[in-house]
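First the structure, which I've put down as structure tokens, then a few questions once you've had a look.
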Amino acid sequence: MTPRVREILSWYGADNPGTLTNLARIMNHGRLAGTGKMVILPVDQGFEHGPARTFGMNPDGYDPAYHVQLAIESGCNAYAAPLGALEVVARDFAGEIPLILKINNSDTLYGDKRPISALTSYIDDALRLGCVGIGFTIYPGSGERKHMYEEIAEASRLAKQAGLVVVIWSYARGEQISKEGETAIDVISYAAHIAAQLGAHIIKVKPPSSHIEQPAAAKVYQEQGIKVATMADRIRHVVQACFAGKRIVIFSGGDSKTTDVLLKEVSELAQGGGFGSIMGRNAFQRPKAESIKLLQDVMDTFAGKK
Amino acid sequence: MTPRVREILSWYGADNPGTLTNLARIMNHGRLAGTGKMVILPVDQGFEHGPARTFGMNPDGYDPAYHVQLAIESGCNAYAAPLGALEVVARDFAGEIPLILKINNSDTLYGDKRPISALTSYIDDALRLGCVGIGFTIYPGSGERKHMYEEIAEASRLAKQAGLVVVIWSYARGEQISKEGETAIDVISYAAHIAAQLGAHIIKVKPPSSHIEQPAAAKVYQEQGIKVATMADRIRHVVQACFAGKRIVIFSGGDSKTTDVLLKEVSELAQGGGFGSIMGRNAFQRPKAESIKLLQDVMDTFAGKK
Amino acid sequence: MTPRVREILSWYGADNPGTLTNLARIMNHGRLAGTGKMVILPVDQGFEHGPARTFGMNPDGYDPAYHVQLAIESGCNAYAAPLGALEVVARDFAGEIPLILKINNSDTLYGDKRPISALTSYIDDALRLGCVGIGFTIYPGSGERKHMYEEIAEASRLAKQAGLVVVIWSYARGEQISKEGETAIDVISYAAHIAAQLGAHIIKVKPPSSHIEQPAAAKVYQEQGIKVATMADRIRHVVQACFAGKRIVIFSGGDSKTTDVLLKEVSELAQGGGFGSIMGRNAFQRPKAESIKLLQDVMDTFAGKK
Amino acid sequence: MTPRVREILSWYGADNPGTLTNLARIMNHGRLAGTGKMVILPVDQGFEHGPARTFGMNPDGYDPAYHVQLAIESGCNAYAAPLGALEVVARDFAGEIPLILKINNSDTLYGDKRPISALTSYIDDALRLGCVGIGFTIYPGSGERKHMYEEIAEASRLAKQAGLVVVIWSYARGEQISKEGETAIDVISYAAHIAAQLGAHIIKVKPPSSHIEQPAAAKVYQEQGIKVATMADRIRHVVQACFAGKRIVIFSGGDSKTTDVLLKEVSELAQGGGFGSIMGRNAFQRPKAESIKLLQDVMDTFAGKK
Amino acid sequence: MTPRVREILSWYGADNPGTLTNLARIMNHGRLAGTGKMVILPVDQGFEHGPARTFGMNPDGYDPAYHVQLAIESGCNAYAAPLGALEVVARDFAGEIPLILKINNSDTLYGDKRPISALTSYIDDALRLGCVGIGFTIYPGSGERKHMYEEIAEASRLAKQAGLVVVIWSYARGEQISKEGETAIDVISYAAHIAAQLGAHIIKVKPPSSHIEQPAAAKVYQEQGIKVATMADRIRHVVQACFAGKRIVIFSGGDSKTTDVLLKEVSELAQGGGFGSIMGRNAFQRPKAESIKLLQDVMDTFAGKK
């Protein structure tokens, strides 16, 4: 157990030893073991965008076993997926990598003005499949926010009792937020803060832009001279918004990008104090060797080796 | 126990021996026993379309005992029906054929823009009636999708704890899907994938057309050259979308058709790797001898004897 | 125990001996005991239409004791009423006649486009009051049909566990059904079939007219030459729609009618194979002697003595 | 135990001895003890109309202790109030007067077209505070009637199990009822009948006017010559509508009135067979001595001493 | 235990010794210990307004440890915060200051016409974190008031069983209340009264203005000559509206103000009989030494030392 991992665990004084054990399992697994940094492979895009749009460019990916192997071989800290995909692999890969059950999901066969995901699995499923934690998406800004916050509050309470880690994907969107505002620095840091207040152990947000969405916030950013010019500045701000850095905040890779663009962004995430990346499509849609190389480059960037 | 059945069971590593036993019972019953293929007789159309429209052309069908006998005599793998119909036959035919309780149903006395079926029975009913599994219809694309996915998530969790098999009927429909889009290849494979992610052991969809509904999907189908020209191509694609073929996918017969048309379609389903058919109206609306002949021809097609 | 009662009980092979016992109690009570026919006195119109409209023409009826006495003296098979009315009489008349607790009710102080009754009592109440069963109204065709079907599915499951009989009043109505359509032969037989599929032991519908409401159904009635010209034809068809006659189907008396009209209709119900009548206003709004005479004439008609 | 109290208890044959004991406690307490008549002091107007509008004219009333003392000193049968007000006094006045917990309440900071009160306390609270019963308001005629009837059905079932008395305040109102119709004789007697059918032990309605709201009812009142000309006639009719007088029906005082007007009305209530009054504002908004005098005059009127 | 604290405890005769112990803990902690007055530091504005708007002007505040230390060092009676923030500090500061878990929260990424907060934590969380009580916000005047009142009724019942203190933040707002009306004296005292009736031990409202919102109330204020000219008058009126002063009523600081304005207001609150302040932004947005000085000046004002 490295001093850094111990330090991070010390921020979670309210959790039981079961949850700390599972949080340590994530931090002590793979290429980034012991660094306090983490890269997680999430594969829920088949549900979110449809199978062809997700796996068509690399058909090996239709098989959930492909992804868990990719995560193991590249040295990811954990692999996250919905119920069905984990049910396929949980027995065959038992104990080989920490698993995170993504307990709510959306699809794109219906678009709603009040976005909210469906609860497709639960704490009991995470336990029977040997997972270390659950993942949950909230959409702050949605007219259904009360509904979602209460779903995760309840799931989180049960997860913590069962010694599981709670990972919240926090994506602001809704009728009163512009498209550009969804990644605005004030909105991203607000969404991250909400996830922290809801009791997340690990918070996942998108990398923020320098746009500021809410006028009341803009006033404060200007008056207080809060730095948001560079990505590193903004990451620092988002991490600060999560209890002054006492919660693990990781960033998604977003849309498909070229390797150079991606690694540059990751470099800025690391520079700003981000705890890691959660990278799906940008990894598994590439050929396997290429995606392993990419994931490891990302890990090495967070480890300060690049 | 044939090697093929063992192989199929091996895909369900997350399930308890109770569920595997019931899944094996389905695969080891009837004319297709041991082949890993299956034909199921479902009779819920009385509820869905009304009794006269369903049984008027063959009035013997008003009696649920007729159907269970038809399923037994033709050598179907299982018989599926709503609560009332199973209550009539469960004692008299106990142990003669695997039964699947269709736990949700719709009727056509009211049409809703946001389609969703009613939960008309539950896990306890399936157990007290000696069923091997439950059947559940979802309508991906409906404004009520969250509601439905959560109903089946909960029912599925309880069914699996009780050692039952979960069969999901996945029919995309809703305000943002065109009539043609309901059977589009991208939509059908998406609907099948959702059912797989929801934890279905057996997935039932309609045979897909070559139409592609969603622009974002069309782009990928074209760029990646995904083959959807023939029915066999499309079936292969749908099966692939269900965890690279690691879930049992069966296809419905749909509207009444001539025997020739039907058998041709079944031949393509089999050729594309479909695991079988679930055939209702096309079977029981014919005179009994004719329907037994048809069902057995279908079975023999899947068995590769035709 | 007559052979006919034994035969009827044999159709309910999924039920526990407790429910069969209570079903037998209904069939073995009163003037029609042992015939397999039944006449039930229901008094929920005070709730449904208001007390003055219901009891104003025979004020003795304000007292629930009047009705239970009427049912006993005339030799009805059972008496059905809402919670409050049964609470008044259950102790004083304990064991004198089978009681059915009507567990949901509507009133006419508010009219809704999406009709649904309120659950005003439950299984526990039926048990503590010594009832043999519960009664429940569904409105197929209502926008709230899912809600209702799930209420009765849950109530029915609990009732069957507790050895109670389930009686479903099935009245189609809603935004997509015309006034005339509410008693159309296709709609009535569909509504009866839904009740059967929902697991009812006894199904109550209105006597059907020869009107056919749904075009898709009309086509089948014509093509298949289904007979609906006479009331006896139609009753035969409705009974057939309930699992080929393997469920008890009884018919309501409807609006106040002259004795002659009423007895003629009952005669046709009996001729078509109806299992009996559930007759409220037409009975208790007449002076007592007259209503006893009428009820007994109805019974004798079903018994084939008239 | 007087013969009259015994007689009244005999109407509640479905209740357990616990509930009868508490009903007897109400009838055997205070100035009207043993008469079978009752006057209850209810103080929920602070919640319903706001504190200043309720207590501003007699500021002693801000203190809940004032009211319970007023009820004790004047000899009321019971004191009814919401949770907070009872929590203030329950220990200090334990055992001095029967308490009724008003478990639902509305306020006037928001007006709804579909009126419904909020459940602000429950059976457990009534038990821990030593209450003899619960009070509940329903609004027949509201679009939320199903919701309310089911709330009281559930609360009533639990209350009866716990040996508590159920008092229903039944006030018809809603989009399809005119302002005048809210106190129409047909509507009041219908509302009272609904409360009786819902299982109330004690029913509270407003004194009815001679207006008839519903055309279908008007026809019957006229045809059957139902007397509604005098208040005594109408009270007799309302009491009859509650199971021919086998349920306790009491009447509210309504808006502030002069003492003369009020006592005249009470005299008519008594003459028509009303079981008593539930009088709030008309009592506690007067100076204490005056309100005690008034309450006792009301009691003496019901006792036949005036 | 001072006589004043004993006196205050005596008003809570319905509570169990567990709750009284926790209420005493609040009153016996910090600079105001034993006076029966209290100042609470609440920090939920990060959730309510976003992190930058809340902590940007004093970035030390991003760390929840900063606030609990501020509360301890200044001698506050308690510290209140949402789940996440308390989870960060509960172990490290265990036993150093009474903690109140704010169990519902809103954010400003979506504005609703029918305001209601989300339940983000619950009784079990309060217990496992060592809290003395729970905090809950209601919005009387909202179309969701029934929903909120029922949430707090249920939470309050469980909290009281568990020996916790219930603090209700009562802020009237909604479609039928003007912006000015939200702090009108009639509305504030009504909102406070509702909180008292809902069973709150401690009630938090905003300092009221002399505006009167509701015409029906205005009439009474005028006729009865209720004094609302000075802040002290109004505070006296609000306290009276809470069971004649038998409930603890404290007042929020509201928007950022200069120290002079703030202390003048606090002086009036104290003069009018307010039990204390709950002061967030006005405290922690100042530099630490300045905020300690301010909080202690506020405390000394309530203690009568200023």
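Lettered A, B, C, D and E in written order, each chain numbered from 1.
The working rule: a residue touches a chain if its C-beta (ideal position, glycine included) is under 8 Å from a C-beta of that chain, and two chains touch if they have at least 3 such contacts.
Keep in mind it's a predicted model, so treat the numbers as computed, not measured.
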### Query
If you average the CA atoms of chain D and of chain E, how far apart do the two points sit, in angstrom?
36
## Note on the structure
Whole-Å distance, C-alpha centre of chain B to that of chain E, is 58
### Task
Name the shape of the chain contact graph, picking from line, ring, star, complete and other.
ring
### Message
If the ring is traversed from chain D in the direction of chain E, what sequence of chains comes out?
### Response
D, E, A, B, C
### Task
Flag every residue of chain E that touches chain A in the complex, lowest number first.
46-47, 49-53, 56-57, 59, 62-64, 66, 82-92, 105, 107-112, 116-122, 124-125, 128-129
### Task
Please name which positions on chain C make contact with chain B in the complex.
11-15, 140-143, 145-146, 149-150, 153, 157, 172, 174-177, 186-187, 189-191, 193-194, 196-200, 214, 216-217, 220-221, 223-224, 226, 237, 240-241, 243-244, 246-247
